[in-house]
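In this document, chain identifiers A, B and C correspond to the written order of the chains, with residue numbering beginning at 1 in each.
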Amino acid sequence: MEAFSDLMKSIAQGKFVYTGELEPHKSVDISEVVDWARTLRDTGRIVAANVTDNPRSVGAISSLAASFIIQRETGLEMVYQLRASDRNRLALTSDLLGAAALGIRNVLCLTGDHTSMGDNKESMPVFDLDSAQLVKLTHMLVYEGKDLAGNEVHGPKPRINIGAVANPGQEQLEMEVLKLERKVQAGVEFIQTQVVFDAGAASKFLDEVKNFGVAVLIGIFPPKTYAQADFFDKYVPGVKVPPEMLGTLKKFKEIENKEERKKKINEYNTEYFVDFIKEIKKKSACKGCHIMAVGYPDVIKPIIDGVK
Amino acid sequence: MIVTKQKKIEEILGFLGPYKKILVVGCDGCTQPPRSTREADTLALLVEMGSKVGGAAKKCSATTVVKQCDNQIVASALNPQIVGYDAILSLACGIGVQVLAEILPVPVYPAQDTMFMGSQERELGTMDERCKGCGECVLYRTAGVCPVTRCAKGLMNGPCGGCFKGKCEVTEESRDEKGNVKILTHDCAWYQIYEGLKKMNRLDLFRTYTPPKSRLISTPPRQVR
Amino acid sequence: MEAIRINQDYCGKCSFCYSVCPFEAISSGEEIKLDIDKCRVCGICYSTCPSNAIETAYYTTDWMIDAVRPSVKEGIKTAVIACRGSTLSKNEFDSVAGKKFAMLKLPCVGRVELDFFPRAAELGIDRIIIAPCEDDFCRFEVGAKIAAARAEWARALLKDTGQHQEIILLRKAIRAEVDRNKCISCGTCIAVCPYEAVNLETPGIARIDTQKCMGCGSCVAECPALAIEMRMNRWEAGKPTLLIECQWCEYDTEMPKEVQVVELPCSGAIDTLQVLKSLRSGTSRVLVAACKQEECKLEEGSKRAEKRISSLVEQLKKVGMGDAVRVVYTSPKEPILRMEVKA
């Protein structure tokens, strides 16, 4: 494994890293997203940020184009998310080579949501490859200079670090761990997980995967409002919010003064997630956190600083 | 069996518009439900009755063949019977319709929309797709559960992140009143595969990375010698 | 006239009716009460009552005697009393009864009183062939058994009183049969049969177990290859109005002459292809009479009929004949059918 990106270099140096999330939409003007990327960069704590690829199968600007633009405009390193729902292995290969040529140094290999769930429900669901096979393709390009059929890349090999996803909240944990084992066989280098609220659940997962030699970044989502937390708990499958957090946030709703309420929530989130991160940091597999909260800059720096 | 759904009578009357003498041909073969004598007779009557409503008046007769997917059987059974008819309405699956179209000198029209190869669950009265004829059967390593027909994404290294409590998020059945909570009722095929392999003590088959399918094997036109 | 009732003035409170009622519709106690909701009008209580305290609108002994009287006047001395469930037509008795006989088809021979035999003998009937269903085949559970026992009793009674009357007991049943040459081994009959009476024996041809077959006709109505037959009335289109009725949903004996009447052992046997054929050959109105679903004598036959007919009506709507078929759910407790037919 070679560390090409700042993300992987930091991890290799033993640093605890933080990544953020960017979600461009169906547009040609992504200045809002660029602004958020700047905000993340300016915290001084975020080493890289993810750019989503047709999230929930809702069509958006190409994540390749967006990654390039944002990285160029802000200097913040990108994690280019690439999903298998929409492209066959030829197109995926083209895009990976393109990403490397454009200076993108991290790719997150995803299977991707089914096309029937999005805003163009009748599209053909491609899934020529799944996430593990996409990891394998990327690994072959980067380390062997070959595509899946064994054809050689002309000239220098692409230099990209390879990521994938896992879900510590999967009820059938053994199955999730075996899935990860396949991706490890295929050559994955770092993992960013689905959002976890419970440090115990995250720790359990980290224990199970400690011998795989993969860097795991645990996904967190500090909720801005009680409504957000409630939504996650009720409606996002596989994610559980601790009743204590729900209770506290609900109580804060009673605070009349908006500024006061915001302050209380920020304090609570900061305290909660500082404790959370300190807890998971104890596990050897845990190399960082992936902060999913979009549009909630106020807590990022306090949390990260609080952990130190 | 091959599962078919009968086309709406309006559609059938639509494309049979110009014809006056129609032979409705059933098939005793493997469609489910079988589209044999009863269905052929019924459809012949309905087409005649429907033609009085609009379009040229029609005279329909019905017959059936033991199977429509065999060119010899079709030729010997039907060539003698088609004299005098100006069109054929076939109740077979898409296979039979094409064989008839190839062999018989009269235009052939389909009465069925052929859906898939599947099995029947008698208690629930449902028919589910079980085989896509992908040509690379992996049932030996998936505890008898086909991921090509039962996983929405056809994954070989599943499940994906959409597996919740053993159910698949892609095929949600309904939502709650607010329209938020998805009530998932379809099993995640890979969850079933995991459980099956665990029961068989063959998780070694689950933890092994599976390379991508060769799409060449399923690219049409396909023939076996 | 009510379908059936207990006349408390004559009731001797012996409770015989209570003990024979197969549907627990009679309660004993201070007063013997009949619960019409549970009653299936089988008439077994009527025929069992030793005090003639039960009155019924259908097939009383008086009615039966009046019905055979004209034949006796013509010199006929043989009567066949057959159950609707076991018998289709007169021809079935030619070999036993000879060429000339009077025939009465009743819904369950269990309703025939012992009294009928000597009264018929008195009238001049010296031979009675009584044809209830086989024991397990009876739609009213005990009717056939009681009828058979009563026939034996009548035989003994008449012998003892020195009257000449030959009583012949014939147990019959109308069951489905598979035409082996037509069967396409699809297994539909196996799925449809509510009594698990069918299996596919090697080499894959359907076989009906006669011990289990209850003659409901569902397999006949649904066999995709038209390979199963039951000696039911197959009919040619005759008149503009066709009444297809379950033979247990009404006991009225007379329908207007302009109506073609087809009787089925159960509405579940209704063959929609036959209905279509009639509509194609001159019939313009079809009325289907079925038992109410909760009173179906044969395992959801009425429910199946409803499904099949709504499917047919959907198709008929598309060919401009959506109003041609109508269904009415009735029972002998509500003799409305004749009115419905007129409508």
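The rule is short, and it goes like this: a contact is a pair of C-beta atoms (placed from the backbone, for glycine too) under 8 Å apart; a residue touches a chain by one contact, two chains touch by 3 or more.
Note that the structure is predicted; figures quoted are calculated from it, not measured.
Peer 1: Quick one: do these chains touch in a line, a ring, a star, all-to-all (complete), or other?
Peer 2: line
Peer 1: For this structure, I'd like the pair of chains sharing the most C-beta contacts.
Peer 2: Most contacting pair of chains: A-B.
Peer 1: In terms of Cα-based centroids, which chain occupies the most central position?
Peer 2: So the chain nearest the centre of the shown protein is B.
Peer 1: When the centre of a chain is set as the mean of its C-alpha atoms, what distance in Å lies between chain A and chain B?
Peer 2: About 41 Å separates the centre of chain A from that of chain B.
Peer 1: Just give me the whole-number Å value for how far the CA centre of chain B lies from that of chain C.
Peer 2: 42
Peer 1: Just the number, please: Cα centre separation of chain A and chain C in whole Å.
Peer 2: Each chain's C-alpha centroid was found; their separation is 74 Å.
Peer 1: Tell me, which parts of chain C touch chain B in their complex?
Peer 2: 182, 184, 186, 188, 191, 222-226, 272-273, 276-277, 279-280, 315-316, 318-321
Peer 1: Flag every residue of chain B that touches chain C in the complex, lowest number first.
Peer 2: 8-10, 28, 32-39, 41-42, 45-46, 48-50, 52-53, 64, 66, 122
Peer 1: Can you check the complex and tell me which residues of chain B touch chain A?
Peer 2: By the definition above, chain B touches chain A via 152-166, 169-170, 180-182, 184, 191, 194, 198, 203, 206-212, 215.
Peer 1: Quick check on the complex: what are the chain A residues that touch chain B?
Peer 2: That would be residues 85, 89, 111, 113-114, 116-117, 125, 127-133, 136, 148, 165, 167, 170-172, 174-175, 178-179, 181-183, 185-186, 194, 231, 234-235, 237-238 of chain A.
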